[in-house]
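Encoded as structure tokens, the structure appears first; notes follow it.
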Amino acid sequence: MTQKTKLRSSFAEAVADIPDGSTIAFGGFAMPGTPFNLIKALMDQGAKRLTLVANTTGGAQQPRMPDIGMLVENGQVAKVICAFTAATRPTDKLPFTPYYESGEVEAELVPQGTLAERMRAAGAGIPAFYTPTAVGTELAEGRETRVINGREYLLEYALPLDYAFIRARTADTAGNLRFHRSQRNFGPVMATAARVTIAEIDEPIIAAGGIDPDDVHTAGIYVHRLVQVPPAPDGLWPTKRQERKR
Amino acid sequence: MSGTKGLNRQQMADRVAREFQDGWIVNLGVGIPTMCSNTDIGDRDITYHSENGVIGYGGVAAEGHEDLNLVNAGGQNVTLKPGAAVVHHADSFGVIRGGHIDATVMGAYQVSMTGDFANWKLKGQKGGGIGGAMDLAACARRVFIILEHVTRDGSARLVTACDLPVTARGVVTLVATNYGLFEPTRTGFLLREIAPGLTVDEIRATTGGMLTVTHGLREISISG
Amino acid sequence: MTQKTKLRSSFAEAVADIPDGSTIAFGGFAMPGTPFNLIKALMDQGAKRLTLVANTTGGAQQPRMPDIGMLVENGQVAKVICAFTAATRPTDKLPFTPYYESGEVEAELVPQGTLAERMRAAGAGIPAFYTPTAVGTELAEGRETRVINGREYLLEYALPLDYAFIRARTADTAGNLRFHRSQRNFGPVMATAARVTIAEIDEPIIAAGGIDPDDVHTAGIYVHRLVQVPPAPDGLWPTKRQERKR
Amino acid sequence: MSGTKGLNRQQMADRVAREFQDGWIVNLGVGIPTMCSNTDIGDRDITYHSENGVIGYGGVAAEGHEDLNLVNAGGQNVTLKPGAAVVHHADSFGVIRGGHIDATVMGAYQVSMTGDFANWKLKGQKGGGIGGAMDLAACARRVFIILEHVTRDGSARLVTACDLPVTARGVVTLVATNYGLFEPTRTGFLLREIAPGLTVDEIRATTGGMLTVTHGLREISISG
């Protein structure tokens, strides 16, 4: 095994070479699976004109953790591709929303399942597919649809990524990953769609073969850099969700 | 909130949960729909699915027993039932898009008498919050909507046609409001059950579109 | 839990209600994952005019196990959808081949990855997708293609199933499955595409919750009937592959 | 078999395996390509993938130590290397179609000088055996072909244009035959290395299409 090690000793090192203009996806659905430490390192690293892909831009919950909104506030973001440019409750305000409304940052609003499937398609070599989702809505206006077996479907294109930032519970040195419970969410999908996948790992990284091949959630061929998350307060960890005051 | 008349939030959720049939796979949206999981459904076996890939979650975790890596669609730390399984996001929406969800329960701003509904964007808003709502709306076998019968300023939420951007068209199976239980039909909203303390006239006055009333209209049982 | 049990006491009972004209997929790639016992029961059950979906029609190897070829010989098959209507080595003869060449049984030859993806699409609610596979070949003649980002792709449609017959190592009473090594192959994909999935299981079926939710390969919502495979000779098990004499 | 001249089957496989670079993910087809896994590749770390979802398999299992539920694409009972992972068939072809395979090695009946090849169907045959060949051919980053240089009756397999139904067009990166190592180029086949005991004239006489010879042509090293 002469292949270069996938282990990185710091989050800073893991994101050091990311160029301006990259397309980067962040895993996570609420707290679980969100790569807080890599996002924080990207803020310090300072890459600009980024296109960021995630379920949401963050900031609806307290305590606030590193999120797309912070990168936007940091002036690093050109565009966001996500399922929420605004909060579900109209009374909640996402930090990102005013930047979008003012036109300072561009956004592409995508239904959550379509977002996941577009990245799955990119990873699996499917350049485009049809979906029933969003047919008849504002999101389908002016776009190509097709009737198949009597039902109307919308054409959607693959969404390839330059980088995926994800978080998992367990990793071996071959890059095989296991996620804990709903930590899994977008992680395995984004890993397949990215040229370079960087994973922050909860537990000490184990030797190749330490995960039974039947128990691997994301195959090591999709994972290029691994960083172990240090204990708090040096490392950032999910906390209990606190409702924002209304 | 305007729901001072008729059912409270839990009672609306309870009424919808009573529709769930043994063996169903059900997705509960954020807000009132989540409260369906509090309803006592007796010995019916219901599998709750959430968008983030949890199939078979249970109630909210007890204080101090939360698994911080396990949440439902609303971000609450939940528990798992025996027989639960976790899948990734693309597979989770494969469950939804593939028609494997027997019923989804969602909140909404408006429902039209033709079964359209709107829940992702306010009028004039740039962007919005879609989440998984469009996938669920287009693909679940049944779409149940729970909403307050009227807006804060008293105007109808059950309307002839939505004037807000819709989430999906012609998909709503059943609507529970604090005033009653409604079904969009080709002849307008069919009032199937009425909340205690409400009259058909009150409902007619606060409902947009056509309203028909089922034969032998009954009160919604709120015992559960 | 009043939901009807998924346990069936025999293979005959598990396949008893399958009507003539059904579309049935069989898992398996070589021996691993092939539902030999369910295929045998289907031969005894006698349903006719079947459309069968599998990687191959079988019979290239010795000892011969229940396969599509046998159902064809049994007069039960109208059409086969597969990646091999003939063996890889032209000198090998598949039992199925003469029935196809004579026109007695219809066949649709599909590249293996396209076959898997068409079933994955059916299970995931994607009615059609584009793929680079088979572009420029005889299989693409007269069919719809589309240029996306400068490359030509072929349009392929979802392949929904009435029944999937699959084999797994472990199952719980909720229908959650785990496969052992390359036993997995088509099993999880076919399960999502079928109205009714019937699984034959190597090990005694355990109580719901006996498989950790993170370790489930196929979620129980996709599995409807379970039969435990008895020890040989009553049950059929994979054997060591023996080369056919050339 | 006609391969009495030049390299034997293992030597052809060895020559192709020498192309594999550290860190590559490689898919080996049935037949001679499988023999690439016997080649000593020194300290290079190669991950072998097979269509049935095994990522990181090793050599053939020792007699009596076979796992009957673990096979490679050829149905042989193989072993797993540390760090192996198993995925299902749709995900396995996601690896292939998604461009994650650095090189695929396949057998063929014919290769054209423009990089087409044919390996799934004989002339006039109804149907054929495609397996995963079309997916691999269309999607792997490099397609390496191993075949006997001439047919049993002595006609060329390296041809101007395939007269058999093709598996994919314009995809072949490198061809190893018992006579030499060839690269399809815009000016025909480029002979890059020659097998011991063969002459350029012999190769020219048995190769269809145009043939050019690399400057400083070397013999294929058969030490490994």
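Read from first to last, the chains carry the letters A, B, C and D; within each, the first residue is number 1.
By our rule, a residue touches a chain if its C-beta (ideal position, glycine included) is under 8 Å from a C-beta of that chain, and two chains touch if they have at least 3 such contacts.
None of these values were measured; they are calculated from a predicted model.
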item: Contact-richer chain pair (by C-beta pairs counted) among A-B and A-D; value: A-B
item: Interchain centroid distance [CA atoms averaged], chain C/chain D, Å; value: 28
item: Whole-Å gap separating chain A and chain C, where each centre is the average of the chain's CA atoms; value: 34
item: Residues within chain D bordering two or more other chains; value: 54, 80, 86-87, 90, 93, 96-97, 139
item: Of all residues in chain C, the ones touching two or more other chains; value: 117, 120, 124-126, 131-132, 179-181, 184, 213-214, 217
item: Interchain contacts (touch definition) - all pairs; value: A-B, A-C, A-D, B-C, C-D
item: Interface residues, chain D side, partner chain A - complex; value: 22-23, 25, 43-45, 47, 49, 54-56, 80-87, 90-91, 93-100, 139
item: Touching residues (chain side chain A, partner chain D) in the complex; value: 1-4, 120, 122-126, 172-176, 192, 207-209, 211, 213-214, 216, 219-222
item: Touching residues on chain D, where the partner in the complex is chain C; value: 30-31, 50-54, 66-71, 75-77, 80, 86-90, 92-93, 96-97, 121-122, 125-135, 138-139, 165-170
item: Sites on chain A touched by chain B in the complex; value: 29-33, 55, 61, 83-90, 97, 100-101, 107, 109-114, 116-117, 119-120, 131-139, 169, 179-189, 217, 237-241
item: Chain A-facing residues of chain C, complex; value: 117, 121, 124-132, 146, 148-149, 151, 153, 157, 178-181, 184, 213-215, 217
